[in-house]
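Quick notes on the structure that follows.
Chain lettering (A, B and C) follows the sequence in which the chains are written, and residue indices restart at 1 in each chain.
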Amino acid sequence: MVHHSGELIGTVAFAASGALVAVRRNLDVVGILLLAVATALGGGIVRDVIIGNTPPIAFTDYRFLVAAAAAGLLIFFWRVPARLTRWPLDVTDAIGLGMFAVAGTVVAYDWGLGAPGAALLGLTTAIGGGVIRDVLSGQIPIVLRPGEHLYAIPALACASAVAILLRYTDYQAWMGLVCAVAAIALRLASLKFGWHGPRPWYTGRTEPEG
Amino acid sequence: MVHHSGELIGTVAFAASGALVAVRRNLDVVGILLLAVATALGGGIVRDVIIGNTPPIAFTDYRFLVAAAAAGLLIFFWRVPARLTRWPLDVTDAIGLGMFAVAGTVVAYDWGLGAPGAALLGLTTAIGGGVIRDVLSGQIPIVLRPGEHLYAIPALACASAVAILLRYTDYQAWMGLVCAVAAIALRLASLKFGWHGPRPWYTGRTEPEG
Amino acid sequence: MVHHSGELIGTVAFAASGALVAVRRNLDVVGILLLAVATALGGGIVRDVIIGNTPPIAFTDYRFLVAAAAAGLLIFFWRVPARLTRWPLDVTDAIGLGMFAVAGTVVAYDWGLGAPGAALLGLTTAIGGGVIRDVLSGQIPIVLRPGEHLYAIPALACASAVAILLRYTDYQAWMGLVCAVAAIALRLASLKFGWHGPRPWYTGRTEPEG
């Protein structure tokens, strides 16, 4: 179960991102723990429910719960300055994104999904935790924010690469790690250098809703 | 699998509605595709997870994914004027609502649910895609917007009629199509003529929250 | 099926809380019914989907649906004054919280989850209905609102106590009732006396997002 290592790293990273969002919103220790755990376990629970792997491993293998809660508590007890809730949030979220893109694809493929379905579920797993974190916090999910930098593209590229490797090669865990690192680097580079996906060329502004 | 045709039409319609919302919010091509796919496949995935039909057909029958992505790409590449993001949004959303009310009810009934449970799941499937689209966009779902016109009533009436037909007649696909068209017409007529459901008579205004 | 009685009480209470939120937001009768039913059945559906008990009992045992709809209709037809949409909302929400914490834990344990997993799922069930209600209404869930009083702590304490009782004693239904009442009392006392969980000590204000 080598992909469990990657999923644990992603769990800790996503838990930290949820805890940092909770700190920025000035929630108490319970809110910090809840948002850390929901962000960290949410994507994997969605994946397991979709493939029918019930109850999800988050409810049977308590390492994920303990790791997520520990990351949340660490951030609660650590005197993190407010300015450190911004770029570490981006970094931890990117690590979770890349790790879960790989773990989601591998688990879905092992469970019998075809390569395209496994890649789609890998993408869902990767962005699911962040979507849950942001919706629960009353924010638009990063992945659908106007003007946001590359987010789904690194995750989808990573999940697709892993699906192709699973389908056509003798997949090894280091291949998944390379894909995850590439996705994380692409996400962070897009933040650093301000890369965007192409927008429809017929509109230059956000039209107000309603 | 005649209901698959109706579900494909509903998939394309909901995908277009999601893409139009994304265009109005000035998202890039990835955001448009994601919102199109999430809106189009979301209701069916929820339905399949609830009845235990895992993995959901969206992850195994790729026609739905391809149709949804194609509808999203079409709207991205078509120079849709901003004014065309309003009434086509209502129309495509209504088509998806009617089609999924039928498809959700039929699939749930075939899977062994009783007629009331099948109608309830048909309603859930019909409004599920739009709820996912609106929550992910940071909007209140159409179905729960104060002052919104008839939305759940057409879907519930359609799902109930289909459930009764399934239970008491030799159900044919054209019956479902008639129900779907009636639901779509009722939804659009309520928009055209400003029909509302009855409100509690003891309050004439929206009280501010908080 | 003694826990079904508690779940029915929780269902009616959560349905009333959903209907009261809908009344405050001036929704019509369909919106009131939908928010009542989604709040009342949502937590249990999530629980059943997670443990793999599909279709969820809400779709096969119609007592829950009928009870939720009846509570919603009662609040629609009763001339509830606007001032009565505040503290009854807190009280019904607290009752639902306590009852579902017990019912969720018992069902999960009966289904074979270990005691920690059962407590986690009991917490999920307890807060799930309220989260669905608030997200669908465009509000931040109570459980994650900055400055909110104790909410998850009573639910988690109750679920943990029930899980311990299930694991180490000859569990009787009255034990669950005691736990539920204690959780409800703790939630309401925290509202009355203004109790909060500890916050990180390094920040005294809510930093604006974005």
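Please note the rule applied: a contact is a pair of C-beta atoms (placed from the backbone, for glycine too) under 8 Å apart; a residue touches a chain by one contact, two chains touch by 3 or more.
The chain lineup, named per UniProt: A, B, C = Trimeric intracellular cation channel family protein.
Source: prediction; values computed, not measured.
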Category of the chain touch graph - line, ring, star, complete, other: complete
Copies subunit C and subunit B - interface residue numbers shared by over half, same or different: different
Centroid spacing, where centroids are CA-atom means, of subunit B and subunit C in whole angstrom: 28
Contacts with two or more other chains, residues of subunit C listed in rising order: 49, 52, 135, 139
List of subunit A residues in touch with subunit C within their complex: 22-32, 34-35, 45, 49, 52, 54-56, 59-60, 62, 65, 76, 79-82, 85, 135-139
Subunit C residues touching subunit A - in the complex, by the definition given at the top: 49-52, 108, 111, 113-114, 116-117, 120-121, 131, 135, 139-141, 143-144, 146-148, 150-153, 196-203, 205-207, 209
